[in-house]
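Some structures to go through are shown next.
Shared between the two complexes below is subunit A, which pairs with subunit B and subunit C, respectively.
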Partner chain A sequence: MQLTNKRKHMARKPMTFLERIYLPAIVKGMGITLSHLFKKKATIQYPEQKRPMSEVFRGLHILKRDDQGAERCTACGLCALACPAEAITMTAAERKPQDKHLYREEKYAEVYEINMLRCIFCGLCEEACPKAAIFLQNDKMAPASYEREDFIFGKDRLVEPFLLKKS
Partner chain B sequence: MTQGSEANPRPMPKLVASCLTRAEHGMVVENESSQEVIDARNGIVEFLLINHPLDCPICDQAGECDLQNLSYDHGMEGTRYEEGRRVFDKIDIGPYVQLHMTRCILCYRCVYAAEQLTNERVHGVINRGDVSEISTYIQNAIDKDFSGNIIDVCPVGALTDKTYRFKQRVWFSKPFDAHRNCTKCSGKTVIWKKGDDIIRITARKNEFGEVEDFICNECRFEHRDLNDWTIEGPREMDKDSVITANKYELPVVSPAVNVDAKFVSE
Partner chain C sequence: MSPIIIKLIFVSIVFGISLFVAMYSTYAERKVAAFLQDRLGPNRAGPFGLLQPLADGVKLFFKEEFIPLKADRWLFLMGPGFFMITALMTSAVIPFGPDLKIGDTVIPLQGTDLNVGLLYIFGVVSLGVYGVLIGGWASNNKFSLLGAIRAASQNISYELAMGLSIIALVMMTATLSMREIVDQQSGWHWNVLYQPLGFLIFLVCAFAETNRAPFDLPECETELVGGYHTEYSSMKLGFFLFAEYINMFISSAVIATLYFGGYHAPFIDSMDPGMLKTFLSIGVLFAKIFFFIFFFMWVRWTLPRFRYDQLMNLGWKMLIPLAVVNIIITGIVLLMKM
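Right after this comes the complex of A and B.
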């Protein structure tokens, strides 16, 4: 059955003498290989060298603190609701009176986990957040690992490191 | 109202309250089709929101809050109010009910519900005007039977379940209709599950958000074991409600298979 008219009928011809001794073909092939030694490389040495990234690149998440150093996230669950990959889970807890400087609101996220294997880095969590707490950094990517457990990022790896106040 | 009745077709000069107006033969009522009505509602919602804090990410009522729905339909994006909002010190009103007075819109529903349901009402509105607040007299605990129903009648998050406090957002918990043999009440409830745990029990509400059968405190707060309940099935939620989000409970339409029909190849 013929679907298109693109088919060509090829006749198998016997090889000529030059083709039969193979040497010209090997020289031609080596020439291509050697010429690539002097061309610009398509790859870079990744961890040491980095390509310039877009301003709006969406990489690894960060849970921001406010200017007093208190965590902004209040575990409202809107990021988890917005997440199309269902990568975010959280457990809320009530702030104790002595922790007032650590958390901004009455309620805070006791557990906040993002599964980086599920995450598709769409940035909808960032858009949904009413407290401007979660952001996708444009200079960091989720690191590679051999273990699946390493991709479940808890608060220890997501929360912005505590910066000492500049005075 | 654009026409009073068939006998008297004059329109009403001002807006009238629907709950106080008797229906007449031939009356023509304009509801959402009238810009005047929408403007009036927007104004009322703006007044309700004057003292209401922007607490929804923290509030346990978010997702089933009447004021949230109202402001979603009629609210403005910003506020024109420049003075500070009312703030109240937190008071403890017992082990079951959490009171957030700053969120209260002073609708008095809990007072009327407690008046009708419990044998002795221990809370009410104290002070007047701007500083009036729902409170118990000298930090009394609300522990009368059927007093838990004030949680369900509260349209905002001013009265919430203390045992459910910050356990889970409403839209991640799964509601089921359930009942048990209760000597005090009908025992018909909605249980809200997280995994296999019951994290909250509420009364059933109808499509208008009114409680169908008030339930006793024992049903509401004491029975958190699944074996205590007979589960009837998943609770049907309004399809626009956020509670249906992430549930994937669309009905599976089973295709009808005609066994006798012969497969015809072309």
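Right after this comes the complex of A and C.
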């Protein structure tokens, strides 16, 4: 049964004299390789040059601060619930009166850890967050390391730097 | 200065140049390979990666030296050295330029002008396979032995066609001296224009003799791990690889000398003799040599490897009959001219 008309009939013929001495084919092939000598190189010189990342790339997580520099996260645990890889753990704590400038709401995350070996960078935590606190950056990837412990990112490495926000 | 000292200096210069060119051929090979595949190639060691050959050399020197327990120790050590020596010996009869005149002393830019220079080259080239054979056999490894046997049978098969293609050339030039063959080609009288078929056969055979792709079956990585140098490590491996590049340099020089007028180029031949002309002539020869080295690489990164039966068919059923036909044609033309 013929489904398309794309079929091409290929007859297996004995090679002609020109084909048997290989030379025309060799010359043709060498022409092709020579043309590649002058083509633009595909290499990106990695540490100096970087491939531009997509706007929607999901890289390393960041815990955002609000306009006053207070942490947005209230340790509601929705991100941990949404996480299909169960990479997020947290411990909630009540805000002390003197820490009012540090945390936006009365409850905050005392411990907030993401295990980057478990994380699949799906971005569901970002979608689940009601306080717009957690985001996946599009310009930074989780770094490599030799130790398993290094992949458990605590608040020290997740929270947006304070100084950057003020300037 | 006595002629012996001059000769010594000249020989060491040729030795140094051979090594230097071979060293940078490894770099060029990687660059050409990269460019033909739309890559950049080595560019980290020094400007444009120019120190890469040094880095490779240092790396090879510091690698662990390993000799297999069941290997024939002395032959195992001899193999790379022998290959290297035979590769270097060929350059003795290649004329690198016209005589250099400094004051009253005349320095011939040729190791020695043997009247059987061409035969000498053939003799040494056929010795070259012994290094591979000894190394492969002494390794006591199947892959090495297979590689060595392939090298031997390939060299024997292609030497025949090579010799026959040269016979046609010798019939024309009526001399075996390299210097005379070059001097007959001044101006546009390049032998390639009179012997295109012979040149083609010689070129194909040169690829086979230097074990370069598409005839690199002796070291065929896909089938034989590393072929004859499977068991070699450290600088002994380096010698094998390096000697291959020297072979490439020398065969480029031989091709340029025999078929492309050696150090002759039309516009330089019409210049007044002097230092400038001598050095320009040397430059012309080296330009031709570098072109052929590039050609060797270009072919390597274009053509896939031959299958072994295809290799033998090409050698025995195509090239040898073609070479015989070429001799007959040359003979008829020469007779008609007389």
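The rule is short, and it goes like this: the second predicted complex is superposed on the first by the 84 of 167 C-alpha atoms of A that agree within 3 Å, B and C clash if a C-alpha of one lies under 4 Å from a C-alpha of the other, contacts with A are read in each partner's own complex, and residues count from 1 in each chain.
Basically, contacts are C-beta pairs under 8 Å (C-beta built on N, C-alpha and C of every residue); 3 or more make two chains touch, one makes a residue touch a chain.
Here the structure is a predicted model, which is why all the values come from computation and not from measurement.
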Next item on the list: Please indicate which partner A:111 is in contact with in the superposed arrangement: first for subunit B, second for subunit C, both, or neither.
Entry: neither
Notebook entry, point to check: In the superposed arrangement, does A:78 touch subunit B (first), subunit C (second), both or neither?
Noted result: first
Note to self: Is A:130 touching anything from subunit B or subunit C once the two structures are fitted on A? First, second, both or neither.
What the structure shows: first
Next item on the list: Could you look at A:93 and tell me whether it touches subunit B, subunit C, both or neither (first, second, both, neither)?
Entry: first
Check: Following superposition on chain A, which residues of subunit A contact subunit B and also contact subunit C?
Finding: none
Next item on the list: Please name which positions on subunit B make contact with subunit A in the complex.
Entry: 56-58, 62, 165-169, 171-172, 242, 245-246
Next item on the list: Spell out the part of subunit A that touches subunit C in their complex, as residue ranges.
Entry: 21, 26, 29-30, 32-34, 36-37, 39-43, 45
Margin query: Show me the residue ranges of subunit C that touch subunit A in the complex, using the header's touch definition.
Written below: 32, 35-40, 298-299, 301-303, 318
Margin query: Going by the contact rule set out above, which residues of subunit A touch subunit B in the complex?
Written below: 74-78, 80-81, 86, 92-94, 105-107, 130-131
